Amino acid sequence: MTNKAENKELGFGTKTSTQKKRLINKNGSFNINRIEISRWSSLSVYHALVKMSWRKFNFFVFLYFVIINLFFASLYYLTGTEGLKGIEATTESDKFLEAFFFSTQTFSTVGFGRISPFGHISSTIAAIESIVGLLGFALATGLLYGRFSRPIARILFSKNAIIAPFKEGKAFQFRLANKIRNSQITDMSCSVTLAKFENEKGTLIRRFIPLDLEIKNIIFFPMTWTVNHIIDENSPLFGMTENELKDAEVEFMISLNGFDDTFSQTVTSRHSFTHEELVYGAKWISVFSQNENGQTSQDLNKISEFEKVSF
Amino acid sequence: MTNKAENKELGFGTKTSTQKKRLINKNGSFNINRIEISRWSSLSVYHALVKMSWRKFNFFVFLYFVIINLFFASLYYLTGTEGLKGIEATTESDKFLEAFFFSTQTFSTVGFGRISPFGHISSTIAAIESIVGLLGFALATGLLYGRFSRPIARILFSKNAIIAPFKEGKAFQFRLANKIRNSQITDMSCSVTLAKFENEKGTLIRRFIPLDLEIKNIIFFPMTWTVNHIIDENSPLFGMTENELKDAEVEFMISLNGFDDTFSQTVTSRHSFTHEELVYGAKWISVFSQNENGQTSQDLNKISEFEKVSF
Amino acid sequence: MTNKAENKELGFGTKTSTQKKRLINKNGSFNINRIEISRWSSLSVYHALVKMSWRKFNFFVFLYFVIINLFFASLYYLTGTEGLKGIEATTESDKFLEAFFFSTQTFSTVGFGRISPFGHISSTIAAIESIVGLLGFALATGLLYGRFSRPIARILFSKNAIIAPFKEGKAFQFRLANKIRNSQITDMSCSVTLAKFENEKGTLIRRFIPLDLEIKNIIFFPMTWTVNHIIDENSPLFGMTENELKDAEVEFMISLNGFDDTFSQTVTSRHSFTHEELVYGAKWISVFSQNENGQTSQDLNKISEFEKVSF
Amino acid sequence: MTNKAENKELGFGTKTSTQKKRLINKNGSFNINRIEISRWSSLSVYHALVKMSWRKFNFFVFLYFVIINLFFASLYYLTGTEGLKGIEATTESDKFLEAFFFSTQTFSTVGFGRISPFGHISSTIAAIESIVGLLGFALATGLLYGRFSRPIARILFSKNAIIAPFKEGKAFQFRLANKIRNSQITDMSCSVTLAKFENEKGTLIRRFIPLDLEIKNIIFFPMTWTVNHIIDENSPLFGMTENELKDAEVEFMISLNGFDDTFSQTVTSRHSFTHEELVYGAKWISVFSQNENGQTSQDLNKISEFEKVSF
């Protein structure tokens, strides 16, 4: 997947041109409302189960385990607990509980055998439950693998983007780094699109303009990358003052992709900086230092640090 | 995978030029008959098991479970039920049933133990059955994961394509959207090929002509996309009347691909619009609205809605 | 993955230039001898287990199952069968057999319980065996999934390539089709490289020359594809007679790749035609026919059929 | 993923320009120090578990198994061993051990049943343990599959790079081969970047300069590949003597990628040669030989062998 921003439309169309809110949320999702045709057909269960938090996922697994065992316990109970040899309970509630525990032992295929199905009905239910359990567990295996192996480019972005002095003029800059230390990303590419409001015959229109980057492709990504757009006469930011940037409610939309060389998968990331996250007149504080052995060291805690400068 | 339609042949060759039926079915499959060399060698069992409906898949799993257990139950029964310690049945049919339930408990590795193999023969059969069960279950795990993680670009297409007024002239248009709300597709590209019949020296010949699109690549795909082919003098549709389009039995063949950013996989989709699904003289009704907070909202229920216009 | 043969070397180097045998075998493997640094380090066990035949794979699984259970049975037997409660055997060989069957029940996690570990030593062995069994089964699951989901472009090639009359001149042609009826390949590309011997100052040198194809990319691949290299003045085959082709011991090396749209994976295929598989003066018999409903049908049994023609 | 080194920055930036140590380690990792924001958030557990050695991985699995069973054994013991029917131990330590073994049988779902949970508390604990065991095993399955199917291009590099005589002048060369005999890599591409120190107004600056390769793409990779950079007037190495190369502390950074045609995955590899691994004035000893049947054979043991020559 190549990312040649220059030949491509952004995909936000012209109808969003009057939306005053940011278009890309901080977590990379799109800030666009949708009215679905159907609540269910628009939901991919697998995507949902793979993307939800571990806490939520574990809760759903546990809930499923309890519900399915309540269901089978009811079947055993209703078809008669005399079908479960070894039950020693005397009260009805205890009998149901024993049926429930027997069900968990069947579903998980532990099968201790103190209680065992006896007779055709309970044996049939137990056979069905064990196959349901096996398939449910097969699903869980697939989901856990899907959750774990899902490629995420955990990119660390600077909190702000800045307008920095650059050579004779100015530049738009932000910094990013690979958050994960034990996995390399190679062949990184970055594209930045500017969204700004323009007054066209009295109407506010949001325009999307790709920004040229000094470097938009790097082979290796072991270092903090300062993405740099030079504000020259070809730049849509050329000549804009701090107030004009605020008035135009600029939003810088960022699309990243690279290649995770552990899993040989393309990983992508989205981000945006709004005018509120833009610092006009600043320069970055270096993340690098060099120790006595002549080895360079980078401190990721400093990735968002800058100092104010005036033009 | 890039999709540069202009440099590529469509792949339908010239021999299909006289086929009167549509070439691409509504579900994206090809409407081409094949006479196979062999019914079996042309079938990929994995593709079949992964693509079939859940109803069918579950039925096959259940059927497999019953058949394999009938097979092993027969083995236990034929080698003598005295090899199964704990059997309490007295009639032959009950003995077979107990052997069957014992088999299910072995195959699923539940192993309650009320009945257990006793003696070399039944122990050997049980050992083999348990390994067969484990491998069968391993297969099911793989298949379930394959079914779940199979990347599907569930694209919502407008029911019709239209010939719409566009600037001074006309344009061929259809709309599409990402059907799934909880998974983003990025880097979408679209190519459209026109198939039309032409009278060449008295013979009807079907020609395949790629159509230029105003935009054929978008970086993000959060919005409904109106794919637009401007009918100018370079277009093979230029100057064709409604009746000429019907007579030429035009079919618009669409190939889409994008990048599912949850699974980092390329997803593809195929579609076609025949002349019967083409509305001559129409314009789309907007799917967008804006609420009081200034946020844009799109209603996917309206994706197929248009109003008739006359040229 | 793009496949621009024109900018790339073939990778056979110049040292193979005197090899008289074919360079690519019929099954797509390379006919190049290697002397390995080490028999073991050059073997990827996973690749081997995934690529071997099902017969061989099942045999290895069964063998592993028997050997590991013989190992654990020996441990139980040597540490004393009094550690296995429930053993009823009286002879030593029967005791070992019971230990073996107990081991299989532990390894497969069936655990009937007629025999159960009693005492610290056999309990510890059983605990270790069950975890080994689980991990072994986990491995089998992964391998089975890897075997099943491995993308194979099962391409059906014509048995021969031909030199056919084409317009005013000649062309080199072969045919291919997607062997699998229930999985589509899209975005197919093909490159052909000619290997021929040339007499250079008295020495036979094998040259590798890419051949231009009339069509080298197709979007859809539902039909039989006749790959066509026109023998014009730019072709290295131009003016060569049948005997000259034989003397030059030509080999046509074919590299294919496409996109399996069920699994969203690139699939590749290699093939070659030697001068012995080249028919000089032939034309293909059509695989297509049209039924009364106007639908085109292709008969894959005819893919290798040609009729001789003379120039 | 294409690798067009000429259009891309290397990604080491300018801040590493004074680092005296090598930038890429022998194993392909980067020799760059990082100060993490947080020790834990910068670690991807999955990447760690997939990349660690088998010895380490097995140790962690075993450790996890022991710890989790100690935990559940403690629960059974603390809630009263009268909840475990079948325990025959009389001392407290033996009771705990029996609880531990019962726990392993529950966790692995073997469930012999000699000891079985009796009463609500121990039954509940056992139900929870069996589901934890199943999920833990599901995780192990996913990890084992991830470890096995992880695409590794095991590339064999020559120990040294050399400056060799080439035609009228010189060339920089190294050799590489596919280490794995049972998996083919196709579509290999290679890029080499030179890092050298230059004296700029009294300061040592490290410059990164891409080197042109005679061949940088090969379709098939069955043979040893001698990567060749011709040192002509366009080369940054042009006119440099052996001592100048040492003084400039040159490092040749290599990025490789190809396509594993067993798994249809892109595989990558990184390597570097420092000035200490560069031999000035040498030529390679051929790895090829030809047997009496006219088949070429390559001996990978010779891949690093060269003979000294003087210019």
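Chains here go by letter, A, B, C and D, matching the order in which they are written, and residues are numbered from 1 within each.
Heads up, the rule we're going with is that a contact is a pair of C-beta atoms (placed from the backbone, for glycine too) under 8 Å apart; a residue touches a chain by one contact, two chains touch by 3 or more.
In this text the structure is predicted, and so the values were computed from the model without any measurement.
**Student:** Spell out the chains that contact chain C while also contacting chain D.
**Tutor:** The common neighbours are A, B.
**Student:** Quick one: which chain's Cα centre is the longest way from chain B's?
**Tutor:** Of all chains, D has its centre farthest from that of chain B.
**Student:** Is the contact between chain B and chain C built from the same residue numbers on each copy (over half shared) or from different ones (under half shared)?
**Tutor:** Because under half of the interface numbers appear in both copies, chain C and chain B meet with different residues.
**Student:** I'd like the angle of the rotation relating chain A and chain D after CA superposition, in degrees, nearest 5.
**Tutor:** Angle of the fitting rotation, chain A to chain D: 90 degrees.
**Student:** Using mean CA coordinates as chain centres, what's the gap between chain B and chain C in Å?
**Tutor:** 26
**Student:** Measuring from the mean C-alpha position of chain A to the mean C-alpha position of chain C, what distance in angstrom results?
**Tutor:** 37
**Student:** Which residues of chain C are in contact with two or more other chains?
**Tutor:** Residues 2, 105, 109-113, 141, 145, 266 of chain C touch two or more partner chains.
**Student:** What residues on chain C touch chain D, complex-wise?
**Tutor:** For this pair, the touching residues of chain C are 1-3, 5, 7-13, 15-16, 18-21, 29-37, 41-44, 46-48, 50-51, 85, 105-106, 109-113, 116-118, 120, 123-124, 126-127, 130-131, 133-135, 138-139, 141-143, 145-146, 150-151, 191, 193, 255, 265-268, 270.
**Student:** What part of chain B is in contact with chain A in the complex they form?
**Tutor:** 2, 61-62, 65, 69, 97, 101, 104-105, 108-114, 137, 140-141, 144-145, 148-149, 154, 156, 179-184, 186-188, 215, 217-226, 259, 261-264, 266, 286, 288, 290-291, 293-301
**Student:** Flag every residue of chain D that touches chain B in the complex, lowest number first.
**Tutor:** Touch residues, chain D against chain B: 109, 111-113, 141.
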